[in-house]
Amino acid sequence: MARDASRVETFSDGVFAVVLTVMAVELLQYGPARATGRELPDALAHAWPTYLAYVITFGIAGQIWLGHHNMWRYVVRVDQLLLVFNLLVLLFVAAIPFTADLLSDNLRGNATEQRLTAALYLGTVLGESLFFNLSWWWARRRRLLHPDLDPQLARAVSRRLLLRPLLYLIAFAFVFVDPILSLVLYLLLVGLSLIRRPGDLPPADVDGAVSDRGR
Amino acid sequence: MARDASRVETFSDGVFAVVLTVMAVELLQYGPARATGRELPDALAHAWPTYLAYVITFGIAGQIWLGHHNMWRYVVRVDQLLLVFNLLVLLFVAAIPFTADLLSDNLRGNATEQRLTAALYLGTVLGESLFFNLSWWWARRRRLLHPDLDPQLARAVSRRLLLRPLLYLIAFAFVFVDPILSLVLYLLLVGLSLIRRPGDLPPADVDGAVSDRGR
Amino acid sequence: MARDASRVETFSDGVFAVVLTVMAVELLQYGPARATGRELPDALAHAWPTYLAYVITFGIAGQIWLGHHNMWRYVVRVDQLLLVFNLLVLLFVAAIPFTADLLSDNLRGNATEQRLTAALYLGTVLGESLFFNLSWWWARRRRLLHPDLDPQLARAVSRRLLLRPLLYLIAFAFVFVDPILSLVLYLLLVGLSLIRRPGDLPPADVDGAVSDRGR
Amino acid sequence: MARDASRVETFSDGVFAVVLTVMAVELLQYGPARATGRELPDALAHAWPTYLAYVITFGIAGQIWLGHHNMWRYVVRVDQLLLVFNLLVLLFVAAIPFTADLLSDNLRGNATEQRLTAALYLGTVLGESLFFNLSWWWARRRRLLHPDLDPQLARAVSRRLLLRPLLYLIAFAFVFVDPILSLVLYLLLVGLSLIRRPGDLPPADVDGAVSDRGR
């Protein structure tokens, strides 16, 4: 069976790749621009929010790419609505550098600034995970996934995907207490999501099973 | 039969991916730049044309990508002229962020500005759909499409593709009445084009038929 | 036989896609920036070198992409040196927006400016076609091409590829007479190269022959 | 066996492609911007650090791409941790334009500036090669490589990969003596790494063996 989904992956990867490197372009613009008036070490130290935004963007977009990669391995066919949901995921992914930049710029701002940037960041990450959940749910409902995919695994993925926006909400509730604490908590959650939980099948086995039987 | 068209898809996807994320880079440049003199909420609110341009670009380029994806699924071989037509489609696609930016910046400008930006926007979208129609027509004429593609479906696609520039013209005729109304109308058309019409075969079945018989 | 060259195509396509859209980003930066002081129609008309550079970049990089696509269809294996030659082709391709921008900015400058930009443009396009010729020559010599590729066709491609830098040299000799005439001549050459010459086999047949016998 | 690694290659290639062309965008911004106040030849000559940074970025990122291409040819399956290591490689690769720009801007600066930029450059290249080594080691340990890959070759690749960070360290030790000498030495090392050493099997044979037996 031809994998109709492979072009969707190529296209999405292009968007992810540009998003990951957008902040690298910002590094170029902040660094030397500030260096005109100041000493270099001082100018570089002053641009720390850019470095933070770079690492945040890479962490968040990288983690979403991992999830995207894991989900789309199981998709063998696409329909119009799944493509639209995927485009909406990418709409929010492409806004991550903007919100990460705002967040790192206003981490030490006043209460209004912190709440506003947190709300924008929250909206972006929640929007992304909402449409990510929708695309997985739609792919399951319309039988666009690999026919040999274990239904139990599919349900486990659904549960895990639903967990993500909930955890994001909790982490961001802390923004209104302390934005630095919230960010640390958030990065901890991202880190935790990279560790396999005992209930999941190891990815290699799942993939092996799929490719042995059906491809 | 090797799908000679796959590299064309990869290349076009790269252009689409950059186009979709170009406006995200603009978000970065407008937002903080304006924030120097103003309060953050005010600066962000003031940059609303950038957000509008971002969403317009994503909507339009995303819709064109969907059409491109649907068309190129049926292309199995390419010749020089089809590649040239595709490059000309991409020439207009890559100009969408520019015209979307102009449009959102001058939505509340005077009559001359509104007409000029509407004409540029109109030219870009019409140019794109002209060469899109040409590439589909050429691919049919030179038998570059999948041999098992139902001729009735091919004709239906041709009709639907021809409809698009016509609807664009109607929507943009309203620019000279009221640009806001025209934009709303235009976005409605884009939304409508995402809904399958009863006359078309469901995409999944078509694709299944193609992959079962020929690939 | 696995097509070891496909990743090289994906990577090169990424570079080509960014190069094609780089000038689209420039459209964004010139247009509205100039609009602050001037009337919009005036500001847009004033930015004509940017539009010219956009079209030149698209034309040149698009034509090189066509040649790259045609060549790499026949490559089935790669070695280290072929990859290095390809990287050097891309080094010059990525500089095209810069030289096209310089060229369009200085078309109406004084004699020194015209000669300098022409020399830079000449160097970029010649450098690209030099390493392009080298990569084709190396792929033939090291038998990295498809074994069923007709040796007569391979020789014809070699001759045609060698013609390109020679024609570029002639077109650019005219820069020192009249840069506008030279540009028109150059664009005519690019246009001519898109038309198949009688001596060549039609691409579709060649590809069919290759895929029927060997893939 | 389906090559689960191909999407990782597409995604990484996107990042590499943007990194290679980021400096080309910088060429655009430096060149004409400086041309306003100065004569064109003078303005272009003055922007030499940008050209140097462009060539350095292309050289370094191109060389890393070659290594990435060579390694990932052997990877047939991926797990979560390998993807995370690859993302961390890309995090450092995406920072190369920034450090190359800093390096070329401060080559003729005072001792503090030279040391600081060298340390940043060193950190970036070392970080990249550390996670590159980690991903190869992990792929070997978790048996994610092609089963027919000669264990002797795998060990040779491991040794060669470990050599790279060590040679980088030596080259950069010279930064504290003379940054220009260090850069020349570094570029010599990059050049040397492109030449096959006698102990290695020719890439074409290895690839042939892999594709004949297993794919």
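Descriptive notes on the structure:
Note that the chains are named A, B, C and D in the order they appear, and that numbering of residues resets to 1 at the start of each chain.
Keep in mind that, in the parts below, a residue touches a chain if its C-beta (ideal position, glycine included) is under 8 Å from a C-beta of that chain, and two chains touch if they have at least 3 such contacts.
Being a predicted model, the structure only gives us computed values, none of them experimental.
Overlaying the C-alpha trace of chain A on that of chain D calls for a turn of 90°, given as a multiple of 5. Under half of the residue numbers at the chain B-chain C interface are used by both copies of the sequence.
The greatest centre-to-centre distance from chain A, using averaged C-alpha positions, is reached by C.
Our note on geometry: chain C versus chain D, Cα centroid distance of 25 Å, whole angstroms.
Shown for chain A are the residues that touch two or more other chains, namely 10, 13-14, 17-18, 25. The part of chain C that touches chain A in the complex is made up of residues 10, 14, 17. Remark: chain B residues 9-10, 13-14, 16-18, 20-21, 23-25, 27-28, 31-32, 35, 39-41, 44, 54-55, 58, 62, 65-66, 69, 72-73, 194, 196, 202-204, 207-208, 211, 215 touch chain A in the complex. Only residues 1-2, 4, 7-8, 10-11, 13-15, 17-19, 22, 25-26, 77-81, 83-84, 87, 90-91, 94-95, 97-98, 101-102, 105-106, 109, 112-113, 116-117, 142, 144 of chain A touch chain B when the two sit together in their complex.
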